[in-house]
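The data blocks that follow each hold one structure.
Heads up, the next two complexes both have subunit A, just with different partners, subunit B and then subunit C.
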Partner chain A sequence: MVSGLYASYGPIQVLRDINFAVGEGKMLCVLGANGAGKTTLLRALSGMIPFQGSVTFRGQPIKGVPTHRLARMGIVHVPELRGTFAELSVEENLRLGALCSTANQREKLEDRDRVFSYFPRLQERSRQQAGSLSGGEQQMLAIGRALVSRPKLMLMDEPSFGLAPQIVTEIYKILTVLKDDHQLGVILVEQHAALALELADDAVVIASGQIVVSGPSREIKADSRIQESYFGAENY
Partner chain B sequence: MQDFLHQLASGIVSGSFYGGFALALVMVHRATGHLNFAQGEMATLTAFLAFTALQLGLPFWLAALIASVVAFFLGAITEALIMRPFATKAQIRLVIVTIGLFMLLNGSSGFIFGFSTQTVPSPFPDSWASDYLSAHDTGSLIVVGAMVVVLFVVFRFTEFGLAMKAAALNPTSSRLVGINVELMRAIGWGIAGIIGNIVGLLVAPAIFLEPNMLLGVLVYGFAAALVGGIDNPWGAAVGGIIVGVAENLVGAYVVGTELKLSVALSLIILVLLLRPQGIFGHRSVKRV
Partner chain C sequence: MDLARQCDQGKVGILLNRRSQGYDAGFEQLGNIGGTVILLLAATCLPFVLKGYQLFQVSLALSYAVTLLGLNLLTGWTGQISIGHGAFVAVGAYVAAFAVAKLGSPYVVAILLAIVICFAVGLAFGIPALRFEGHHLALMTFVLAIFLPQLLKAERFVPLTGGVNGITLKKPLPPEWLPVNSDLFLYMISCSILAVGFFLAWNLGRGRIGRALLAIREHPTAAAAMGVNVAFFKIMVFGISAAFAGAGGALGALLVQYVSPDSFTLFLSISLLVGIVVGGLGSVSGALFGGFFILFVPSIAENVSKAMPWTVYGAFLIALMFLAPDGIAGLVGRLGHWIVEQVVSRNSRSRGTE
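Take a look at the complex of A and B:
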């Protein structure tokens, strides 16, 4: 639940009066052009930058709560360019993901095996350094790492960035399964509007730091005027 | 032959001091990615404290325990109050800050406890002595060996060790997985303080207790850490032994005792030229 959120980098106001809500098991996609403030929004929600306004997570205000504490509360942020630990092995990355999970040791192993069942390629490479994986595999690892923390809300920043369409489809397919299986709230930032609208329940469009359109994805997808004014033809 | 074995044994013993000290350097590097040039002076200060407590009549283990607790907080608080404001600045500033700390602590030890050299007793029973090793030598080897094993196990098998490693490698991602990076850094410095303190307590009976007693050990310890690999406890320990043995043998048979220190420095240069990650360190792979 976000209401009246403002965020800035120093003197530069990036986000103005942002309001939205995401329910459990629901996916909200945040669309908009480069530089519209989408990444800033996620960074504010995970405590990486300060914001004004009010944000509540499962009834609790989270303003000023440090990132590591938010992670323990169940907000997991998968940043742009994935943020995996390149020097550590796949296995170690997954162990780190499970640090803030409340599960016991056996459940943690089950969580890890579940990630391996979603992404068998990670299991094959579990001893390799994460930095040596391909872009798609790193994205799988980033999602897997988020998942083993047993999050309640997942913030995904452009998971399709720099990946082949085939891999993107694969990753998104799993993402929707995850969302339904784990009653996970997802806030998805995506350039690729058509794909995101296909998957998400609701959508907001941000232009120069403000929400200009919001509503169920179906309606936004069907509205040709929105399509033309905000997404252009090339993303479609 | 007899002489050679004596040289070898004393090389291994001084090597264990270097290796033990290198462990403290590795610890700080693991936790924060930095080098602490003041590590030796922190250890000297707490060693003085321990031996003062000993003079007041406390048993050795209690004096060592008190000094270790002080060393932990000295390290952790130094990190939190002095190092943290520089954490995002260039590495060279941190180096200069730790050199400043080095001078401050060195002067403080002298100011508080005096510059005269004192002999201090060894905590180990005489019955531990053997043909080539004194009781103190044997005890020191056992203590350093135990520290290596403990650190190795912590880093290799515990989530705490992994979290500490992660915090140094990638603070941003670490916060995202719920690690309190600032706390990890302070704890890393604190643990390094304890390790340094223990090495200080082992070195003082072997030489003399005085404000500059760990100066040589600091240089050799850096050599040990670099030779073995700055991110690896085993490497640091083995690096220490290599440096200690090389120093003793080359000093005894090749260049003479006056030039012993140059052995350590040559080793540093050689390793940095030929294998910058150290003998046991591994190079990180990055795909771009």
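Take a look at the complex of A and C:
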């Protein structure tokens, strides 16, 4: 639940009066051109930059709460370019993900195995260094690592970045399964609008730091005016 | 892309060596156990082979190794650079010397006191250092290294530090129940402290905390998103690393039985940095190799050329960087791996011909 959020880098105002809500097990996609402020929004929500306004997470205000504390509350950020720990093995990356999990040792192993069942390729490569994985596998690892922390809300920054279309489709398919399995709220920032609108329940479109359109993604998808003005007709 | 970035940073050696391909956990464990056994044997045999002064030198190298263990946690694991670690060594050495010479406290107490005080100083330094990264942090630690020796000489603190004259200690004597001479006694103390240090650094480095530290080095933002309290760990690791330096310094003071401001110059700090890189960044055993390098290579260089020892030293350093980009520890690891491979393949071949 976000209302009246403002954020700035120093004197430069980036986000103005952002309002939206995400329910459990729902996916919201945030669309917009480069530099619209999508990444800034995620960074504000995960406590990496300060913001004005009010944001509540499961009834609790989270303004000024540091990132690591938010992670423990269940907001997990999967950053742009994935941010896997290249020199650690796949297994160790997953163990790091479970660092703030309240689960016991056995449950942590189960969590890990569940990630392996979603992404069998990670199991094959569990001893390999994350830096030697392909881009798609690293994205799978980043999602898996977020998942073992048992999050309630997952912030995903352009998971499709630099990946082949088939892999993107594969990852997104699993993402929707995850969302339903774990009653996970997802805020997805994405350039690839067509795919994001296909999967998300709701969507907001940001331009120059303000929400210009919001609503169920079905409606936004159908609205040709919006498509043309914000994504350019040729993207479809 | 990440791979390319790492190559740029010269970390490719670590990447190739650390449990990536073909390096399964079983072999690594075998290597660790084998290494420990060889080390223990060597440590027991050395006193029978070496004479007094040589044994003293080895002890001194071990004291450097203790410091390097800590610096490696800070720089190798967490990626925070310090070119002022000699200052923490100095604090440890002076605290221990002061405690023994002026307060008459037992050696064990003096060492513990040095560790505790250095831990506190390290924490205090870690808090402002939190605001700096990379080059700025390097400069800040540089300040520490250049100002502390002057502070130790200052008129005002002469009653505490002895000024330019430093503090002289009496040679520690072994307890009566121990039938060894003083050099051997000091060597035994050095070995014990290093062993404890190894044990602690090893456990810190490979467990939960070690993973958190590596995560901070690799990607602080992602580490925070995993629930790692980045600020807390950065400050703590400064404190812990200073505590190791304090132990190393205290040990050095007992070995040399003398501390003076000029023993803790900027050059010591740089040498320590050389020590962890040459020994092996992010490798616990690297500290031992680094300690020996710091102590012996300059004098070896002087034996080679009286006129230009530092040229020889420099050539040696550059050669090592080419031959062992992941440090001597990495080189030894690869050598061990190669030997095992040879033995295994020979065995399978001879079995094949039977």
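Observations, loosely collected:
The rule we apply is simple: the second predicted complex is superposed on the first by the 235 of 236 C-alpha atoms of A that agree within 3 Å, B and C clash if a C-alpha of one lies under 4 Å from a C-alpha of the other, contacts with A are read in each partner's own complex, and residues count from 1 in each chain.
Going forward, a contact is a pair of C-beta atoms (placed from the backbone, for glycine too) under 8 Å apart; a residue touches a chain by one contact, two chains touch by 3 or more.
In this text the structure is predicted, and so the values were computed from the model without any measurement.
Partners subunit B and subunit C, brought together by superposition on subunit A, clash.
Using the contact criterion defined above for the overlaid structures, shared-chain residue A:102 touches neither subunit B nor subunit C, since it reaches no partner. When the shared chain is aligned, no partner comes close enough to touch A:117: not subunit B, not subunit C. Judged by the touch definition given at the top, the superposed model places A:169 against neither subunit B nor subunit C. Contact with subunit C, but none with subunit B, is seen for A:127 once the two complexes are overlaid on the shared chain. Looking at the shared chain after the overlay, A:89 reaches subunit C, while subunit B stays out of its contact range. Once both structures are placed on chain A, subunit A residues 46, 48, 66-68, 71-72, 76-77, 79, 83-88, 92, 95-97, 99-100, 129, 131-132, 145, 149 are touched by subunit B and, in the other complex, by subunit C.
Residue ranges on subunit A touching subunit C, taken from their complex, read 46, 48, 66-68, 71-72, 76-79, 83-89, 92, 95-97, 99-100, 127-132, 135, 138, 145, 149. Those residues of subunit A that touch subunit B in the complex are listed here as 46, 48, 66-69, 71-72, 76-77, 79, 83-88, 92, 95-97, 99-100, 129, 131-134, 145, 149. Across the complex, subunit B meets subunit A through its residues 159, 162-163, 165-166, 169-170, 172-181, 284-287.
Residue ranges of subunit C in contact with subunit A, taken from their complex: 1-3, 5-6, 11, 14-15, 18-21, 24-25, 208, 211-212, 214-215, 218-219, 221-230.
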